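One chain, chain A, appears in both complexes that follow, with chain B as partner in the first and chain C in the second.
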Partner chain A sequence: MFPGLDTGLSAHQGLFLNSWHFFAVAVLAVVCLRTIPMRYVRQAALLAFNFYFLSYFLYGWYPVLLLAGVLVGTYLIGLVKLKWGQNWPDGVVVVLVVLFWVFLFLVKDPDLLGPANPFHYRPVQLIGVSYLVFRSINYVVDVEILENRNFLTFVNFMIFFPTLLAGPIERYDRFEEFHSTFGYEEGPTLLPSLHRIANGLIKKFVLADNLMVFGIFMKPDQMELAWPLIWLGVMLQLAVIYLDFSGYCDIVIGLAALMGFPVCENFDRPYLARNVQNFWDRWHMSLTGFIRDYVFTPLTRLVMEKADRRRQFAWITAVYFFCMLLIALWHDTTWGFFVFGLLHGAALVGLQLFRKYLSPAVTRSGLGSLRDETAVAWAARALNYAFISMTILFWYFGVSGSLEIIKSMVKL
Partner chain B sequence: MNRKHVGRDLAGAVWLAVKIAVILLLMNSGRTFFVYQNF
Partner chain C sequence: MLQEDLQKIFRQVFEDESLVINDEMTAKDVEKWDSLSHITLILEVEKFFGLKLKNSEIARLKRVADLKKLVAKHKPDLA
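Now for the complex of A and B:
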């Protein structure tokens, strides 16, 4: 670790982004991928770096076998789907996508479904399992329209080490394009990428980790805090998480760009969002884009085809709600995340109802122009920011803990 | 490459060095939210 740092975890529990070890691996990977002229040698070198990185997160044979199963299984499903061509029924794809999601939830939470969960008695720590499953779904659903489907490209895509831990969620078509070329020639030059990494390190390890000390996170009992400090701590929730996660993304996006893989962006100033829907358009964009393409759009298409015309709005609103709940429970299957999903889902549904039933009346009354007023826009941003921050409480303090904090905020 | 570009790159490199100094001096790790959780 850098001098004076203590992550509280031993060196055997991972390869950390702020360790000299990771720094050395990253530098070596960048040099190799920018200088090796032969394409297959360069791709084999990337494979070696991916496995080297993974080896620090896999403990024992069980997760190795599971990972191998996911890789080989996904690739074989892709081959079978290609072979069947037009004869492959849509229903099979739906079943496969559902099974991938079920597998993900069962691995992530061994207590889910109790003894019926195959991982209940033998939990497995498979690092970045969500990202593996998302990439599997992307590959299986879109395999016909993908190019360069050789096994080496596939495995490098699945376990690409800069984005393996926490995204952004890359798509195969974008990855393979840079996998077969010197991608860095089309991406940002050296200095902007280094600045991006430095910005990420500052956001993640200087700002977020220091701000957390001043928030309510580190206190043994946040209820002992003075009333203004409780408010400050609660309102810091979104800021800290944004700095933490977007800082991490800056680091990996900068590193991947240096390696020749300009990966997708994950944030677009989410603190400026005016409502919950706008927030999710700007926050963890690779996840919301994935849910949009592989859950929301297929379900709304189904609604448009099957549902009675008068009930389509109700069904589509329900799909919004379901997607929000899915995103929330993907983070963790706890009651806190469930309530977080309920609140965000309810806000999204409320927004759709407002747009359908109240917005035309507001426009007719002439009040619609108020939306463009700077003060109104900033008030909406502040309210939205406060709402998101308060709902994030449910991640860390559970339902009863969060309600206690909210009560103390309003001095009940 | 003209002088303007060289000057801009030099300023960028100095600014990067300042950022690295800030990171090394003020980094306070060990309290991770997202990264290293089993997503």
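Now for the complex of A and C:
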């Protein structure tokens, strides 16, 4: 597993997706959820499967108590928010969302803030903690427009075992619809889902696992490599991460669909992206959608409503950087990830500037039609792929190490 | 009427006088419809219809039909 991918699959001795044990649990879960028509019995069975799976990733009472605290605390906040109704001040939601993020960063990195971090002296490994926090934010912010907010539905939503480890980040309203409906399907399910799972297993455990050794992250002596091998390693790395993570998603999306829970997609052929914005529309889509809806939109709306018109662009630029830094530092709180976030934020802002100031001139000059030319489109894709590949070097090699590799790639 | 009003707003926000909206239309169908212009669109809709939409309601908008439904929910006389 690569640093920065919070799938938790290698960090924990849990129930592995490619084990016979997991296969047996998955088959049993599909059979139960597809054959039990009584709603509460079916939902209770799902709860049992969720806890059974979870039990393989919880070590000791500390993470159990923390998990219980997150579940009960989030649900209680939802109840209080509902009770207050219109009197609930918007500012409280903002404070709660910020506190959820702070909690997440403190749990994930016990060294952050040193001894001031409550988890500094007692680190805790809570599996899928990021996804638990994202679901908590979704629930607390949206609670008044949600249906079926009973505790059973809520807990199954929070710890739904196929998506517990690394998403996709499903939203409560969609999950609740599947949860309440016996045999929910969106089009043909059986064969496409089995096909999807098989594809996922091949992508993750055959292709990604075997190609991994050629990726730059696995090369201990990158600087000693011949120039073409450095290029190969850097360019292959993104493909390996894509195969690994999207393969995992194929498995869990296929399994969830078989269970009657067609959860959201997480990837849409990101290698076809022509720019960084388009890349984030196609890569880890449930995360970027979450950041868009719960961070970018409220902040940008605030800027557009409150900020002086002349300063709006500067503020929106700051929001872009903030969102990209949040996504980057969520992976890991290192300088490498910080620079990764800065570079992607700068690329997004650069794109907005281009659209605002240069794009009209390009269109007027007639050059705009070139955008649709096949060769231009593929050149844009290749450049974008190379940019993303080079920026992910910062995840693993830090700032100076990454710059050394990039220098040797361009032979400076 | 709602359709016509929304179409006028869409054309103004996305600077395209030939834009014709339909219920199934999403951001993927309009080149300039990104996360930033989406907020401009929402603010213009709010201003035009005299609404104040919640962030949780905005997060659920995927298609033009969702926007029409949301406006109609707040302004039943327009439905």
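Operating definition for what follows: the second predicted complex is superposed on the first by the 392 of 412 C-alpha atoms of A that agree within 3 Å, B and C clash if a C-alpha of one lies under 4 Å from a C-alpha of the other, contacts with A are read in each partner's own complex, and residues count from 1 in each chain.
The rule is short, and it goes like this: a contact is a pair of C-beta atoms (placed from the backbone, for glycine too) under 8 Å apart; a residue touches a chain by one contact, two chains touch by 3 or more.
Everything numeric in this text was worked out from a predicted model, so none of it was measured.
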Chain touching more of chain A, residue-wise (chain B, chain C): B
Which superposed partner A:N18 touches (first chain B, second chain C, both, neither): first
Touched partner set for A:V206, first chain B, second chain C, both or neither: first
Touching partner for A:A382 - first (chain B), second (chain C), both, neither: neither
Which superposed partner A:L76 touches (first chain B, second chain C, both, neither): neither
Touched partner set for A:D244, first chain B, second chain C, both or neither: first
Partner chain(s) touched by A:V129 [first = chain B, second = chain C, both, neither]: first
Which of chain B and chain C A:V98 touches, first, second, both or neither: neither
On chain A, the residue positions that both chain B and chain C contact, one per complex: none
Chain A - residues contacting chain C, complex: 141-142, 144-145, 173, 277, 292-294, 296-298, 300-301, 304-305, 316, 352
Residue numbers on chain B that touch chain A, as the complex places them: 9, 12-13, 15-16, 19-20, 22-24, 26-39
Chain B partner contacts - residues on chain A that touch it in the complex: 1-2, 5-9, 14, 16-18, 108, 125-131, 165-166, 191, 194-195, 198-199, 201-202, 204-206, 208-210, 212-213, 217-218, 240-241, 244-245, 248, 331
Residues on chain C engaged by chain A in the complex (per definition of touch): 34-36, 38-40, 42-43, 54-60
